[in-house]
Amino acid sequence: MAVLVGEDTRVIVQGITGREGSFHTKLMLEYGTKIVAGVTPGKGGQEVHGVPVYDTMEEAVAEHPEANTSIIFVPARFASDAVYEAIDAGMKVVVVITEHIPVHETMKFVNYAKSKGTVIIGPNCPGIITPGAAKVGIMPGHIFKPGPVGIVSRSGTLTYEIAYSLTRAGIGQSTAIGIGGDPIVGLTFTEAMEYFEKDPQTKVLVLIGEIGGDMEERAAKMIEEGRFTKPVVAFIAGRTAPPGKRMGHAGAIIMMGTGSYQDKVKALEKAGVRVARIPQEIPKLVEEVL
Amino acid sequence: MAVLVGEDTRVIVQGITGREGSFHTKLMLEYGTKIVAGVTPGKGGQEVHGVPVYDTMEEAVAEHPEANTSIIFVPARFASDAVYEAIDAGMKVVVVITEHIPVHETMKFVNYAKSKGTVIIGPNCPGIITPGAAKVGIMPGHIFKPGPVGIVSRSGTLTYEIAYSLTRAGIGQSTAIGIGGDPIVGLTFTEAMEYFEKDPQTKVLVLIGEIGGDMEERAAKMIEEGRFTKPVVAFIAGRTAPPGKRMGHAGAIIMMGTGSYQDKVKALEKAGVRVARIPQEIPKLVEEVL
Amino acid sequence: MKLFEFEAKDILRKYGVEVPPGVVVGKTDDVEARIKEAGLEPPLVVKSQVLVAGRGKAGGIKLVNSVEEAVETAKRLFETPIKGLKPSYILIEKAIPHDVELYAAIVIDRSERKPVVLASRYGGMDIEEIAREKPESIVRQYIDPFVGLKGYQARLIGKKIGLTGKALASFAMFLQALYRAFVEYDAELAESNPLALVGDKVIPLDARIIVDDNALFKHPELRTARVEESGEYTEWEVKARKLGLAFVELDGDIGVIGNGAGLTMTTMDLVYEFGGRPANFLDIGGGASAELVKTAVGFLMEMPKVKKIFMNIFGGITRCDEVAKGIVKAIEELGGLKKPLVVRLSGTNEEEGRRILREHGLEAYTDPIEAVKRVISL
Amino acid sequence: MKLFEFEAKDILRKYGVEVPPGVVVGKTDDVEARIKEAGLEPPLVVKSQVLVAGRGKAGGIKLVNSVEEAVETAKRLFETPIKGLKPSYILIEKAIPHDVELYAAIVIDRSERKPVVLASRYGGMDIEEIAREKPESIVRQYIDPFVGLKGYQARLIGKKIGLTGKALASFAMFLQALYRAFVEYDAELAESNPLALVGDKVIPLDARIIVDDNALFKHPELRTARVEESGEYTEWEVKARKLGLAFVELDGDIGVIGNGAGLTMTTMDLVYEFGGRPANFLDIGGGASAELVKTAVGFLMEMPKVKKIFMNIFGGITRCDEVAKGIVKAIEELGGLKKPLVVRLSGTNEEEGRRILREHGLEAYTDPIEAVKRVISL
């Protein structure tokens, strides 16, 4: 068992002929992910690492009706269009790697996806991995191993950092989801937590947050209200970031009086979550609750 | 029993303070329709024929939570806004009397209503009446009487003509719905027929069509496929109208090779429907199948 | 309201579509100077700007090989009526050599209640002909009106009509511009036929946009004297439109007035059924004022081909007393009944309406069959 | 990107909003002539055009009673730094007497993933203050992004903040214009505070629009030299933005480079945790090229306050070999390491990255804790 992707995942790579799309198709295949097709408009008929390429999702799905998941490496200006195409082609999970998508566009396709029952992961995210079963993303596969810890994270590289420290400590992961660093994302902490709550393999959840927004506070509320019942360990990036400054393209910014490090830690601790001061403390905290 | 409106109908009149809104509120009240509130922005606090007026639907519904139906007499430029307000306020049935609403606006609010589970009747329609129970429209009430005949019609005045001829022949009606004459309407023939199919009171359906569009052909198909099982009698207006000319504001026009009188009659007769040559033949045809 | 070809092309050009270089000339223009000003080199196409279908077959489009020939042809076309009326404008365009003629249109689908894109590899003929001769060639794509036409859908449509590579990209961009015109101009129809495939790109050789009359208030720039210029309406239809009447001229002699398109059409049907010939369709619509009724009655009284008038009213939102008042006003203004008038009144405020008419010596019928028989017998 | 007050007001004016009559002056303008040209009569408000919050309290807004006083005040404000930087523009507006100051804003709600309209009867203060002091006064209305802000919603919001009659209608129209600006300019925030109630109508005394940087390509007219003029960034932040670097200046001495905002912030946190002080935040983002890495390293090497550099990379879409190549390029271009550089490399193509660095005499760390301790000890 796992969350959202697993043994049954069959992937279409949108933007497969691009530099990143092609490179990560290779890495995903090496990891064992079942990629059934790729799509790049105008490049239909080619192959990329043995994966057949189609011009449109409609054609790809017609030839590979078992496809249920797509991953998008399309440049920002065309990425939203690719998301609608994936949703309309009936994908259940769409992972949007692309960064710099205008937030109004994301807001719209996320609402559209919800109305169609599609789960969007991202944009501007590393993707999702169920170690040993399927990697639908750009994370280095070798730093993960199967096990009982679910990870949900707003930060890509911090996910790697923490997953790697867990793996080195001998603690494996059920599924790790990088939800993306943009102001609007398709899958929020609390939505991801609903999946982890139901997953029997997941025994502990590691929540990796950042300053800005109120997703961590909402996660804390969910735990406090008993809607998430498994032990949670957290790390929040940005303890020393100055307020009012935008940290990075992604827009980690403390605005409108909410989203400070202190608020988030306070809310999480009140809900019984143990919050690590540095990422390297996570394995120890996880061991204590496993 | 009846279709869409009946004893349980509680009406809010949007645009109640206008000339038509106020006049027809009076006639609906006289008919016995239970009107619980009216809405006109900026006129909250007044009364119209004893009906309390509110500035917004939200306020009207807060004071009258039993309201489930609205009827709109708002001028064309503001009518779409009123429709969204009615849908968002949770109305189950919204009757749009207003004519001259731009068709792109209608197309959008009809799709929006569908996503929210609201039934729109109209626009540019006479409304709906369940004789003896509720009149939510502008039809003269005295020409109807309760009975076994359902009426669904694209034309307002033809509905009156035919209902009146039925009533004079001693044949009453279950519910009469004027679906409106615009190119896009909220409730189509086939959708209305689904309600009539389920209504035990309705024994026969009178279908009043017009040239243009393909709603009559779709109704014929529904009957032929056995999805509507009650006897149907029809009249189609425009037998002698020249093709390619737009007959009236509403746009009864034969376009794109579909929607001619002959096509419609042929499709209906093929499905076993008896088609009257003039409206005055309808009572006789109904008697034959009752 | 139908836009002229040149107006539709101007809109598409504004949205980034490459259209054939051309110039629009009026009757009094120096056509030669205008052609030279515009830098147009022969061969040229001279196109009568009328709003009726089948313009090409009726001789309204001519290919010419010199500027002089273009000038002559324009002069001739200005004097050539197409289905009854002469053009006010002529469009002279560079002829675009091409191999393939595509078809592309966006209309509102009444059943799905969504925009639908129609496209075919086989343009040049009208859509009915395509539908008849190559029904499998018509690609249909429904569009969510809130989401709009997505790029991927435009490409999918292009692919399905056999385009690839750059031609496909050009077609997809064209469709998106056409969709934009469809939305921003509240169009009932936005169409290009033929849409030429010229090497790697598509160029609309013709373009049609029909704007929803109910949305004209959003587009004040479109309110022109088009009604007279269009070639779409007869002289009396033009007059009626200026008076705000929903009027269609027919070839009989019995003037028909009804309220509601359905009832008015049925009134025509009844006239035919009992052996008469309607001179027109005139729908006073819902909730007509006495003023509008007066205008309608007065209009038919003045129209020479109308020998007698049949007015068939079933009141709903229309009130019979208002109708009666309008009839009385018309009679008073005209100084008496110029032509026989038979009125049928039923519905809202019927009694009051009858009373008003009776006071002025007119007896209204209740039964439309009796009324129609009466008018035919007159 | 934050727009200047006068730019935001220009947009609202374009959408039909009445804004106070005013004129924007630059440093070299003849202020008196410009005021007279614009026909502005005292009393006037002279407003420093900087993009930092709390401009009023910092002395950037002055009410004056004569044109001379306005000229003097403008001169003085051009020389008055607000939170560190002097304005490039000054807006001089007619003072608008008013009794009530409202608050209205549209932002994107991260949790609902929809636009939300915020409004309050108690404008003038910042939204945090309103939230603290009159939390019940803030009205929130979520908007379906496909449907947009409907007129009825705008009226409902106005009603809930206590408006009625014509004032309510004026407010509703203002909100719809603000929403249009929010959508058409891809705004993260569109706000007016205070929004004055003047008799029966609302007039925005201030206006703020923040455009999504990711959507700037849609608005080429907004690509100005704003970065330097804004007063929002330090000298080195301006330089960094021109180089395309996501950089924030801090007050320590250890240069920090990371990939991804989360890891880079965590790297800062680690530096603090082990007793150091970061000089900056510099995120090379995902999939950085060797060229970008070279630029980033070179940039910190040149920045005087940076005494040593800590680079913390965990490769994913970013490849360690590209990073290593970039570091090597920077060293080569600078003719050797000017400042101590500690590199931590993990993840995609880690071994290849290490090999490249080793060839150039640099040993990369695997453990970030060891690396941070090392850099602090240098």
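Just so it is clear, A, B, C and D label the chains in written order, and each chain counts residues from 1 on its own.
Here, contacts are C-beta pairs under 8 Å (C-beta built on N, C-alpha and C of every residue); 3 or more make two chains touch, one makes a residue touch a chain.
Nothing here was measured: the structure is a model prediction, and the numbers come from that model.
Shared contact partners of subunit A and subunit D are C.
Two chain pairs, B-C and B-D, are compared here, and B-C has more C-beta pairs in contact (counted per touch definition above). Subunit B and subunit C have Cα centroids lying 27 Å from one another. For the pair subunit C and subunit D, the distance between C-alpha centroids works out to 52 Å.
In subunit D, the positions touching at least two other chains are 146-147.
Across the assembly, subunit A contributes 108, 112 as residues in contact with two or more other chains.
Arrangement of the chains shown, judged by which pairs touch: an irregular graph that fits none of the line, ring, star or complete shapes. This structure has the following touching chain pairs: A-C, A-D, B-C, B-D, C-D. Residues of subunit D that touch subunit A in their complex: 53, 107-108, 110-111, 113-115, 127-128, 131-132, 144-146, 183, 186, 188, 212-215, 217-218, 246, 248, 250, 258-266, 268-273, 278, 281, 283, 285-287, 314-318, 346-348, 368-369. Touching subunit C in their complex are the following residues of subunit B: 20, 24, 27, 76-77, 97, 99-104, 107-108, 110-112, 124, 126, 138-140, 143, 153-158, 160-161, 164, 181, 183-184, 188, 208, 210-211, 213-215, 218, 235, 237-242, 244-250, 252, 256-257, 277-280. Put simply, subunit C touches subunit A in their complex at residues 147, 150-152, 155-156, 159, 164-165, 168-169. Only residues 41-42, 55-58, 78, 81-82, 84-85, 88, 108, 112 of subunit B touch subunit D when the two sit together in their complex. Against subunit C, the residues of subunit D that register as touching in their complex are 146-147.
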